[in-house]
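Notes follow once the structure below has been shown.
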Amino acid sequence: MNETTNKTALISRGGGLIDLATRFGFPIVLVLMFVALSSSTNSFFTLDNQMSMLHAMAPIVIIASGMALVVMSGKLDISVGSIAFLSVALGSLLIKQAGWHPVAAYTVTLLIGAVLGAVNGFIVVVLKVNPLITTLGTMIAFRGVALQVTNANVIVLPDEVRKFGNLTFGPVFADVLIAALVLVAVHVLHERTSYGRQITAIGNGETIAARIGLPVGRLVFTNFVLCGVLAAFGGIFAAAQVGSVTTFLGQGLEFTAVAVVVVGGISLFGGQGRILGGVALGALTFEMIRNGLNHLGANPYSYKLFGGVVIFIAMYADALKARSRKSPGGG
Amino acid sequence: MNTSASPELAMTGISKTFPGVVALDQAHLSARAGEATAVMGANGAGKSTLMNVLGGVTRPDAGSIELCGTRIDIASPRDAASHGIAFVHQELTMLPTLSVAENIFIDDFPSKGGLIDRAAIHARCQIILDRLGCTISPDRIVGELSTGDRQMIEIARAMRREPRVIIFDEPTSSLTQPEKRRLFAVIESLKRDGAIILYITHFLDEIFEICERVSVMRGGRTVGGGSIETFKPVDIVRLMLGEVDVGTRLKAPLDERQKTVLEVRGLARGTALQDINFDLYVGEVVGLWGLLGAGRTELARALVGLDPIDHGTIRWHDGTALRPISPHALHKLTGFVTEDRRGEGLLLPLSVNDNLALPSLKRFLNPWGLLNRKPQAALADTMIDRLGIKVSSREQSAGTLSGGNQQKVVLGRWLATEPRLFILDEPTRGLDVSAKTEILKLTAELARSGATVLLISSEIDELMRICDRYLVMVRGAITAELPGSASHAELMDALSAPVASHMTQRARA
Amino acid sequence: MAHEATMPRLSAGFGRHARSVLILALALGIATYLWFYAPSFYRTNNLINVLVQSSSLAVLCIGMAVVMIGGGIDLSLPANMALSAILGGFYMAAGGSPLIGSVIMLASGTAIGMLNGVAVAYLKMIPFVVTLATMTVLNGLSVWLTNSTSVSGFPESFFDVMLARPWGVPTPVIIVAVAIFLASVLMSSTLLGRHVYAVGISPKAAEVARVPVSRTLLLGYGLAGLCAGLTAILLSARLGSASANMGVDSVVLDIVSAVVVGGVSIYGGVGRIWAAALGAVFITLLSNSLNLLGASFYLSLVIKGVVIIGFIALDTAFRGRR
């Protein structure tokens, strides 16, 4: 008896260590990185640079919030970059070619995001195709449609949109505030509403959720739709910041969004993590790597490599944690 | 108590036929408020189906259910819930990353302005937990709780709707002793509140401790029952398993022991396996006898490294002497037939040929490392012939065979590796009578040809036709060893003996 | 019991049937359309060209088929191929021998594949996400190493061999034919091949049947990496250069659609190498004819996306949920 209690204590201590490393590992690294960058370059720790970092983060924070919801339910949506591209391209064409007001046009963009998310949701829920393959297919298909409708041309956005993209209140960019609002809203949706708790339940185990009597299909579908809307919303800001819709819009975003979510401690196995802190931390990590490498004068392409290493470590930690969760005590 | 009053819950004439199987045949059950009624039965006796009927999971073909004098119709789990029937499933439906309160209210959150009313769920959760005498905070994350605590939360979820009937389906199978005590205390308090408790278990000692009544099922019928005081443990075992016709033995028990093949000392894992010690000798069939949940499958899996072990040593006679061996290494020397034939035993889409050859493929490699088809096919044909496997051709996919033929393929696969030890876990489960006999005959033949067989079966008549020796398992421990000549009664007594002694100890205390 | 036992066979048979009919109908439709609107398609030279064009996709498909039959997926194959081509390309561009350059490509491809294998088999990470990560890292490395330019200036002898046409058949086609043959033999007639199928069907049942599950997975991913290395050789010879662009993500779509059309199940355990390679020819044909018909590259992406999802939906429907 004594021996077994000892053993469980040991296991929980081991789990605690892993937990500690995964929970606080990245914040510690983040702080160290921040200190190192601040002391080794003159340009990094300036108000301007800090604000521009937040500015650059804004679109990805919005998109990653949607991704976080999908990941919470134990699924993945790697079509978010393409949804952003297609929906923003269509909205921007409405402005450029049909002369719509930007507000109306980008409302349509959000609707298109919802429709594209619904396409994913339909394929996953009704056709029962694995969500990974589904969104891999739609990722490339949506991008194809977008390239087709834009003829792979750059759409230059009108000045009012450009201005909005870089609008500031004091030192703070408007889109940073909006992204923060979205993040908080999604966080509240996840933690404080029935919907949020129920998708987390699905992430804990789809069969269990179904057995409890939750409407699994409907929830998963809605979740993809929400993710689509947020992808479109983030896409608008990404385009507004650069003042145009280029063929690169949203490219690689799906991966950054997944990376942000995982580094933020939101488990790819579903059901685990907190959105507000997680997405903020994850986005900050990647932005700091990008920005820091820039200030260190490193080759800008090295960013993908460093980012990739970070995500790999985060995923390994996630897998470890999932394993220690699956085997509690003596089993 | 109110024994004279009519029972508050009465299920009568319940029948249910699934395609090809009569699951319930005029089964009946009655239970009283303020009492716990044990529902006992061997595997496949129909108790789960009967409980599923009550829980609205299964619709019966015939029969009626009366609750407190009114006849009720239960078409869905929702109906059952609305009639105040709650089901605490054996497999917990807990969501580990959510809090206790969230787990209890997950399908029906009280909300205010679109947001979950946390204060309300906290308060309501606290009330339920208090009633259960449970000191867990509603804000704890369920993943951090022990299995016993999770069980409490599962019960708390069932309690949310103030149920009149609570069905416990094998609630103690993974609980530690103190956790079990706590569960029993909760059940006692529920009884005091006037609930009707239905208690399903395989553990005899438990029902004598907390149940007032018992109802025993066998083959889809209710075969006995009444006040628990009128029963002895051995009576219940007899009712559960029936008076069996053992028939003729397929193999006379060995009179003397040959040399040791395998020696197991101090094998243990958690609560599932406790200090297991035994030896196996050449050429014998050893029956691992016990009720479901006694840890037989766990022992078999641990021996061959499919489940981890905490400690213990295994020694294997390699021809010259007994030497320590790891479970993984033992796996390579053992013919292991799992209880889950379709899930783990066979690769269903593959052909009979490929299934038979899978572990012995190395033998058919030519110097280029390529598989030689002819000897592989020859092996398949030999096995098909020797075991009498009925196939249209050796290329038929294993998934399309009947259960008996599938099991023969599994056996044939291991025969081909010529192991000296076989571990067969419920090899005849789900087979028809003639297929069962064939598998048993094969088993006897294996032993006659010098192999050692460790046989797990829930059917006593099967064991009695073939075993040279029995190891009796109760609650994760080997409690007795019986000779092959042991009678039916002796085997039955062996299962209830620990229970009986436990009861006398309690009585003395 | 009997009812239950015969069902899977019936439905599996019908599933296979539906798939073949669908592919045949598609192929026939395309063929007829081309006959009327682009008869030049049927010239021998063009047909050989199609084969050459499909050669690199076919080799990647072999690799993906092995991984998928084992129950996994490797999205990093094109990125792996690009990086391997770049590494070998650097060596050759600096005047190294084509032979060693090719060996470098093969070795780098295999090593990267094994890395994925370790992550999946031993670190128990999710194949899809791991290889998505590897894909990004490798792509980043490629762009970084090349500064987003292409590596060229390979020795003539490299092209002499790779662009030759012994007996009128281009070298790449011969190499692919040999690769298909070897991979088919490997999958059907070696221990590893049989183990890959077993693991893909059910890792649990495979473990009970004494199959070394982790090692099998590792080698499967390694083999896929080797295929990426081989493709690196073929493609860098055809393009005369190596660049990060070789591994754009639309190639992933091509591979997955080809393999799925070729009858490999994304659920593992089912598939044949030659059929997957045939899927590659089909997808190349589809791209070509869409091109000939004036559809843009972008539209063809959409069509391929639909093809993947359609085939998998079919697969899922006939197989029932896992």
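Worth pointing out:
Which chain is which? They are A, B and C, in the order written, and residues in each are numbered from 1.
The rule is simple: contacts are C-beta pairs under 8 Å (C-beta built on N, C-alpha and C of every residue); 3 or more make two chains touch, one makes a residue touch a chain.
What you see is a predicted model, and the numbers here were worked out from it, not measured in a lab.
If you tally contacting C-beta pairs for each pair of chains, A-C comes out on top.
When you average the Cα atoms of each chain and compare centres, the chain farthest from chain A turns out to be B. Chain A and chain B have Cα centroids lying 45 Å from one another. Averaged C-alpha coordinates put the centre of chain A at 30 Å from the centre of chain C.
Considering their complex, residues 4, 7, 188, 192-194, 197-198, 200-201, 203-205, 208-209, 211-214, 271-272, 325, 328-331 of chain A touch chain B.
Across the complex, chain B meets chain C through its residues 19-20, 306, 331-332, 336, 338, 343-350, 354, 358-359, 361-362, 365, 369-371, 373, 397, 399-403, 413, 430.
Only residues 73, 75, 119, 123-126, 128-130, 132-137, 139-141, 143-144, 147-148, 249-250, 252-253, 256, 266, 296-302, 304-306, 308-309, 312-313, 316-317, 321 of chain C touch chain A when the two sit together in their complex.
Looking at the complex, you find that chain A touches chain C at residues 76, 78, 123, 127-130, 132-134, 136-148, 152, 252, 255, 258-259, 268-269, 299, 301-305, 307-309, 311-312, 315-316, 319, 323. In the complex of the two chains, the chain B residues touching chain A come out as 77-78, 89, 93-98, 102, 106-107, 109, 111, 114-116, 118, 143, 146-147, 269-272, 307-308, 310.
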